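Each structure below is given as structure tokens.
What follows is subunit A paired twice: with subunit B in the first complex and subunit C in the second.
For the complex of A and B:
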């Protein structure tokens, strides 16, 4: 279907287009700056943004590296294994959270959208309340449990509360409720039990919603700060999202290179699933 | 008779699927939350029942008051602005522009990038000797202190908007795409202008989306602690000392009474806020049909 506005390129069109372009520049600036800075030699970083600029009282408006240097990357990727290790550990934690959360949300969403049982609606209302509660409410209770289970200072303390997500369950329930009954009835007439129907029929029908949840849950886990700074007191065991803050304070050049490394997985996931994010949200709003 | 047993079977299967996630919620959130409700009415060491004493005491605490006021003030500024910006950009992208998918992807980038990866840029930008002050100096103006004065609040607001407008835009785009084109075409034929169509057709049909966007924006506005922590650490400037800072400091001192009491205050406020929005949506929803 042809859109109205696109056909005639009016003044409004170009105004809006320029506006969007300006916003895009503002959005990309911090990222592009970080990427450029990661290719500067440590001396150049120190000269421009480090101690020297503090003493002078100003920072030169200097964005492009004078000479492309890979020394920060060599340090981060090869010479000091700690950074790369931390990266893989963080990735492992986030993948575990993401997979667990998606799996449990699919089970829960299926139960709440396709079966009638007593207290179902009351419990679902409880799930919605839990969903809107910020960490300020849930963190202290979770801390008590994690301490009681002896999980403080372990990666499990980040994974376990993380995989139980009310938001994930809510999203999957909404999306699954939009799948027509007739499809599932056809499956059960063909002799599929509920479990087979879930994985063979329901999950493929909701694939864009599931991809949207993968993106959202991974992004949330990848940037967690609240849980690690409370559950993990040992600074060396903290995931990259917190660890990186210290790297940047100690050595700016390494900080920039680590930041770029840190951005890659989420950027990759965004480019992969961006389309499904919108589709998934559209589906979830149909009641 | 047969129907009854079928329904029982259905309920049983339903419980089986729901059991795993619900057990997790119960273990990690519900049970400890009930315990912390209990704690909020007890004295620290002796565990004797003291009624509302903890609640009254907490309101006296300077640190809690600062944190609560900052958080509320932040929500009051950030949420409406964020909703407005998200809506405007979604409207602009929805009808007016070719290549909307390019902009859509770019505008979502800040949402997915953790603050720890960009905080160095923002520090260099806003420092006393940073980029902005360098430019100000070049044009002969006085340098401004951004991060260690009450301006820090507005910097935090800027970071929140920078990060979250893209997600709101996507939610609105999803909402807009559900509105059938025939409606606005019909309005157009009846001679309604763009603004009229927007106000009388698009806005009422977007009401459920508005509810969702407000709720998500409030949820995300609490997560701005991440930015505040990245910029200012555990003890940032007073103007960005958030409730989460208060909670963390008390948790690390093992002061559970205070944390429990504070989280109950937050709980009540959040539930009231969402209820208010929900009731408003109900009222607005009447326009829909």
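For the complex of A and C:
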């Protein structure tokens, strides 16, 4: 009986692991493929994926380059500045959105978690509704507002709507609500006013959550596609996330190299805040 | 330790990107064609035709006689410019040496007569007296330049005009906002030559935009250029 139980557990264990492995392979395969393909010469990329023709219903994947070539990277990094300029534009937009979003979320989260005011819960419910709404629903009204403000075709059209995040507000509210009242009361007894208590006490207490928010908001802004396509008509103003679509169509080899360049900042941020991401999400669930 | 290494890696990555951006910009700018510009001017161009004629003397006055087609007659009926190129001999008063000169003499007082036999207009005009003595008298053949001055609105130096299989064209300069700020680019504009005169051509395409005169590299329509 016992032996049967052990055997059953082992089978389940292997089944789960096999399933997880398959999912992991499916998730990682495009990334690994992109990295390998970025080291192929343009001729090799064109030969393998030039027409993207299907063979028996499948696109033949050619993983390892026949000969390692850095020509795509040379083009992206040295010969043509447009890719790097697009990278810096994206980075500028993302940093602005990230900083604004974290700042507003901290203020909003603190207000919703610590103050009692009329319609607080109703407003917070509205925030949650906004959070669950697909972005496409608010895209047209956002466009009208941005047009009315005369911000179309500017970086501000991406930054200003981007700095308010319902999810960020929700996350910070949940994290700040988990901080014991006694800590703030102690600060108050020491003579700290609301802002001092927020910046000197609450923010350090929520540092993991804030770092998690930095990571999530950066990733969200770094990979945004709909907003630049709708709000920005000049191709050269669009961030790398949209630019990648075009580069990939024009020159696939360059598209692969640009994609790797596109992955790296997010990867760095993830490695930096990996621990805080988990801690922050756990902290948001405490209360 | 691991975190420190990660920060160093991030710093190195961004430093590399900054250096690459600077280098890539320098390489990009160095590759751009450098162009010089000119602008189209409103100018009168001399349109002329060269015909053969005879010079003769009658009653102490020099005349020239030549023929014009009906088409040329319409254009050059009252020419602004009419010159007869003749050869004369000038004798030096002191040394008595003779030297041969080529003189360009003004024509005036034109009279026209339609010759039904040839279908051409016979023209007779008076010739301004030469400095020297005519080498070829009556019956001699001379070259005549008969022309008019015509105003044109778009006249450019002839080296601005380019040609290919699709015809004549010029490059005009445009401005566009781009990733690198405001850039200049060239745009091909097809045109027809209305008149040529010496170093200038009159174009059918009217523009007030700057016109590309010369380029350090071969250029095509849409190319980004640097203006010198």
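Just a few scattered comments:
Assume the second predicted complex is superposed on the first by the 253 of 287 C-alpha atoms of A that agree within 3 Å, B and C clash if a C-alpha of one lies under 4 Å from a C-alpha of the other, contacts with A are read in each partner's own complex, and residues count from 1 in each chain.
What we mean here is this: a contact is a pair of C-beta atoms (placed from the backbone, for glycine too) under 8 Å apart; a residue touches a chain by one contact, two chains touch by 3 or more.
Owing to the predicted nature of the structure, the values given are computational and were not obtained by experimental measurement.
By the touch criterion defined above, A:31 reaches subunit B but does not reach subunit C.
Contacts of A:262 after superposition on the shared chain: subunit B is touched, whereas subunit C is not. With both structures placed on the common chain, the touch criterion links A:236 to subunit C but leaves subunit B unconnected.
In the superposed model, A:170 makes contact with neither subunit B nor subunit C. Touch criterion not met for A:39: it reaches neither subunit B nor subunit C. In the superposition on chain A, contact is made by A:77 with subunit C only, not with subunit B.
Of the two partner chains placed by superposition, subunit B and subunit C are both touched by A:271.
In the superposition on chain A, the chain among subunit B and subunit C reaching more residues of subunit A is B.
Judged by the document's definition of touching, subunit A residues 271 lie at the interface with subunit B and also at the interface with subunit C. In the complex of the two chains, the subunit B residues touching subunit A come out as 7, 10-18, 20-22, 24-25, 27-33, 35-36, 89, 92-93, 95-98, 101, 103-122, 124, 127-131, 133-135, 137, 162, 166, 170-171, 173-175, 177-178, 181, 208-209, 212, 215, 218-219, 222-223, 225-226, 229-230, 243-244, 247-248, 251-252, 256, 259-260, 262-264, 266-267, 270-271, 274. Across the complex, subunit A meets subunit C through its residues 77-82, 84-89, 234, 236, 264, 268, 271-272.
Against subunit A, the residues of subunit C that register as touching in their complex are 3, 6, 9-10, 13, 17, 20-21, 23-25, 27-28, 177-180. Of all residues in subunit A, those touching subunit B in their complex are 1, 3-6, 12-13, 16-17, 19-20, 23-24, 26-31, 33-34, 37, 49, 53-54, 56-61, 104-105, 107-108, 110-112, 114-118, 120, 123, 127, 129-145, 160-161, 163-164, 166, 169, 194, 198, 215, 219, 222-223, 225-226, 229-230, 233, 240-242, 244-245, 248, 252, 255-256, 259-260, 262-263, 266-267, 269-271, 274-275, 277-278, 281-282, 285-286.
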